[in-house]
Amino acid sequence: MFFYYLDLAWRSIKKTPLLSLLMVLAISIGIGITITTLNVYQLMSENPAGDRSDKLHGVQLWSQGKDAWKEFNGQVTYQDAYNLRKSDVPVRQTAMFVTGLALQTEDPDFSPLLESVRVTDSDFFEMFSVPFLYGKAWDKGVDTEAMYQVVINEDLNKQLFSGENSIGKTLYLDRKPYQIVGVTKAWSPSPLYYDVTTGAFKDSAKLFVPFSLAPIEEYQSWGNNQSWKREPINNYSQRLSSEMHWIQYWVEVQDDKQRDEYAEWLTRYVEQQQLIGRFESPEAAAKVSNVEQWLKINEVVPEDNKILVGLSVLFLLVCLVNMLGLLLAKFLKRAPEVGVRRAIGASRAQIFSQHMVEVGLIGFGGGLLGLLWAWGSLSMLSAHFDLEAALTQLDLTMWIVAPSIAIFAALIAGVYPAWRICSTNPSAHLKSQ
Amino acid sequence: MLSMKNISKVFKTDLVETHALRDFNLEVKEGEFVAVTGPSGSGKTTFLNIAGLLEGFTHGDYFLDGVNISNLSDNKSATIRNEKIGFIFQGFNLIPDLNLAENVEVPLRYRGFNSAERKRRVQHALEQVGLAARMKHLPSQLSGGQQQRVAIARALAGEPRFLLADEPTGNLDSMMARQVMELLEEINRAGTTIIMVTHDAELARRAQRNIQIVDGQVCDFTMYQHGAVADKPHLVAGDKRAVEPSSVEAEEATS
Amino acid sequence: MLQIKPILSTLMRNKSGPILLLIQIILSVAIVANASFIISERIALMDRDSGTAEEEVFNFRLYSFDSSIELESQLQRDIRTIRDLPGVMDASATSMVPLSGGGWSSGYTVGNTEETAKDTESAAVYYGDEHMLNTLGVDLIEGRNFYEEEVLTGSPDLATHGIVSKAFAKASWGDEPAIGQIMYAGDFGDKPIQIIGVVDKLQGAWVNSSYLDNSVILNINLVNVFTKVLVRAEVGTLAQLKEAIPAALHKDNRNRVIEGFTLISEHRKRVYRNHELMATVLSMMVVLLLLITSLGLAGMVMFNIERRTKQIGTRRALGAKKRDIISFFLVENYIICLVGGVIGGLVAVQLGQQLMSVYSLPKLEPIYPIMTIMGLLLLTTVAVILPARKAAKISPAIATRSV
């Protein structure tokens, strides 16, 4: 029966091509706009940590003074990071920040590159599930006994060593030799959840060096450096002992129980710091947030995007009302034919289904066309605004989502007209000519 | 076959109650050919709609082929319409977008026949009305008489027990009307019960039995014998405003 | 001539069509009013002037990774080299670049006594020399520039003289003259800075901050392995200077990375990108929405004409002119539009309030719904007249034809 209805629907659509086109256009434009904004929204609001989201936790400390910031800062001070590393509660943990270093190779003709470098601990790679192509992270011992070792990513390995296994080779960062211990596979979570301080939709760093080298090499911070206290920071040791927030701190716990245990540990840490005159604010506290909470706290999805999604849903609603009106007019015009069908044995349900199939077909067409619009507008926007590719690819799920929303929306719009036409008294139209 | 007892149908609007049928009683036996006449607004169409399960009724009992029709669900009554009843309308009511074969196929579709069975029945029904050769034509390409024959083929395709015809010749000239009538008679002889509403007394006389509806009630009914034609003039069919005096039929019936 | 009563009764009899149209218009007005308000607000944001010669000024990053480099003298040599290049009008090392999204900001302490001292609003802090003003192309409206001998080299703490933007002067000292005022980089009395000049306008690096127009230039040449250099050059010379500058500086010392040549106008484009994106997407929405609404309306009118063919024929037979038929449809449209527009306007204000409470949007100005309704009336007139002209052509003879 479904194919019979489909055949009837197709005839009906062909019979009024202009009107059908109008309806398909209306719904496709609504879908196009909605999918465009929804696509960006979805990519922004994705939680790339997946099932590890509940294990990984960002750490925040309310270390600022009485009248300083009114909320937790996203980063911690170096001295706190240094102290937190001593906790043996979490399974893994890492302190980190981004620096920039001049990169050279043993080739004297190689023109130096300024690359951003993530300064972090060996646990980083396990915690954030970084896949390795060759080698592995530096040994845990390096986190305390600094060594000049580096992990590079696949891209850089291709660029410098044409993709060969480069473990054991030497790189120069600010003219210091570093030994390559690992090459990661292409890997760049989006949003870059573990460090959203300077924008959540950037590529991950190409190089990683041990955090333990920071006080020795005096790496500059390329991230946000936020001070609440007026204190002189004219050299690196002043920076390390300052109250400036510039280090990100993450821990991995096994389960909620261990998380609570760690939170307890942090509370004791805050109390202990208060004894030596830090954490002066009455609100001084510590906070751990899993990845999902972290993305929320840091407002990774910008307000604009939420407004756009909201408005585009309203837009879709207008398109549906539009379609509803046209459908109603179209269906009611067909009342005599429906009367005949009812008389010769079609039940209400069958008439209803026939019309819903027609509406669904229009919705399906609108969905496909809408997908095309969305693809077009995303490509246009990304070309015009030079957007991060991570935000403008049409997500694969949209190939399902778009037609589904379209059909669903069309069916909703079709219910009333289809109900009207199937519930009119068949005898009313049989006599009249 | 068809049995109506004390059927009444009331239309209610905000102010007025209109009795379309009141205490309507009728028995039709299997294989009968019944002509229904009556003045305009007397309730003929309401009767036909109720008989054809297109409308419900307010009071009374209606049995069709042994099935109690009161309070039947929409689905059930659609099934009965589909399997047991064929409709023929004054305006033919063919679906203009469908060709002849597809028009005839419509009830078979709703019945759920497979495509081979549908094809066989469509072929057979169109052969019966002599239009099998034109099955790919659209209704608009046919004359009125041909269209009505297609409508009859559509009504026959489901092999109904029971044919309801509402002024089947009302839009046709007398030649074509006669052809259609002959077709109906042939169908009746093959065993199908027919109830036909008509204005045309001449046509009505050709039926086995005439009933007349006046003010929503069966006024009189008598077995009618072929050949006994009264020479009283009667009003022309199609003039819907005119009232045919009931005495005409009554006299004819007694002669 | 306006037969409003028969039109109203026609509307009341076929409720569902007009009601749907009404809903559509209400929603359209609500969306379009809010969207166009957000658009105009974003455009106003993007139109703000940075105060600099955006097409002439560019910056690049200079990273010295050789610890044997004598940074202070090297920087001075570098800047001199750049200033001598053809096409270059001026150059200066800087701590930050306008509209670039990264740099320094700070608040200061002002006041005459320790008790009355208060914190100023935050301001973007540019560290630079006496060439800074000319390099940026900002207008000095009061006081004077730094003298060459006043410029110190080293750390930020050394600053003694400051030039401030008019906005910052007003925020800090109100109507008092800013020239001669003292502000403190530390607490009251600690690290005093004397204000010697006021520039008309100079924006900081963060366009979404509340203190974008607050800027301070301090008399320090920062010495750091990582330096930003501002260059003002004739329009169109960037492509060539992109090659010439690294070549000239590498001739002096190769152990530097020189990169990131960007005009301020390019920074502007990038830093306002999200606003422009928002405005673009919303404009797209508004245009398409109006298109959909008018197409839908035209479709409905077409249907109504078909349904009322006989009625129209009868009217024509009874003496209605073509004009009367068109005006019948127009008046019908205007009734729906006005009712829908008024309700839509109220919904728009409500929606605006919701948006305002949830997101950081300003209050919707009433002119936007009003303009939207006006625009809608205009647009729907076209959408109605086109099909209605067809209706006016219906022959009066239709009325006499039955079937």
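As written, the chains take the letters A, B and C, and residue 1 is the first residue of each chain.
In the analysis below, contacts are C-beta pairs under 8 Å (C-beta built on N, C-alpha and C of every residue); 3 or more make two chains touch, one makes a residue touch a chain.
Small disclaimer: the values here were computed from a predicted structure and weren't measured.
Participant: Quick one: point me to the chain whose Cα centre is farthest from that of chain B.
Facilitator: It is C whose centre lies farthest from that of chain B.
Participant: I'd like the most central chain, judged by C-alpha centroids against the all-protein C-alpha centroid.
Facilitator: Minimum centroid-to-centroid distance belongs to A.
Participant: Between chain A and chain B, what's the gap in Å when you average each chain's C-alpha atoms?
Facilitator: Result: the chain centres lie 68 Å from each other.
Participant: In angstrom, rounded to a whole number, how far apart do the mean CA points of chain B and chain C lie?
Facilitator: That gives a centre separation of 75 Å.
Participant: Take the average of all CA coordinates in chain A, do the same for chain C, and state the distance between these two points in whole angstrom.
Facilitator: Once rounded, the distance between the two centres reads 26 Å.
Participant: Could you check chain A for residues that touch two or more other chains and list them?
Facilitator: Only 433 qualify.
Participant: What part of chain A is in contact with chain C in the complex they form?
Facilitator: Counting only chain A, the residues touching chain C are 19, 22, 25-26, 29-30, 33, 36-37, 100-102, 112-114, 174-175, 220, 230, 232, 234, 302-304, 306-308, 311-312, 314-315, 317-319, 321-322, 324-326, 328-330, 333, 377, 381, 384-387, 416, 420, 433.
Participant: Taking the complex as given, what residues does chain C use to touch chain A?
Facilitator: Touching chain A: residues 16-17, 20-21, 23-24, 27-28, 30-31, 34-35, 38, 61, 63, 65-67, 155-157, 185-187, 225-226, 255-257, 259, 270, 273-274, 276-278, 280-282, 284-285, 288-289, 291-293, 295-296, 299-300, 303, 306-307, 355, 359-361, 403 of chain C.
Participant: What part of chain B is in contact with chain A in the complex they form?
Facilitator: Residue list for chain B touching chain A: 45, 49, 52, 54-55, 74-75, 78-79, 81-83, 85-87, 89-91, 93-97, 106-107, 109-112, 154-155, 158, 166, 171.
Participant: Sort out for me which residues of chain A touch chain B in the complex.
Facilitator: Residues 1, 4, 11-12, 15, 336-337, 339-350, 425-427, 430-433.
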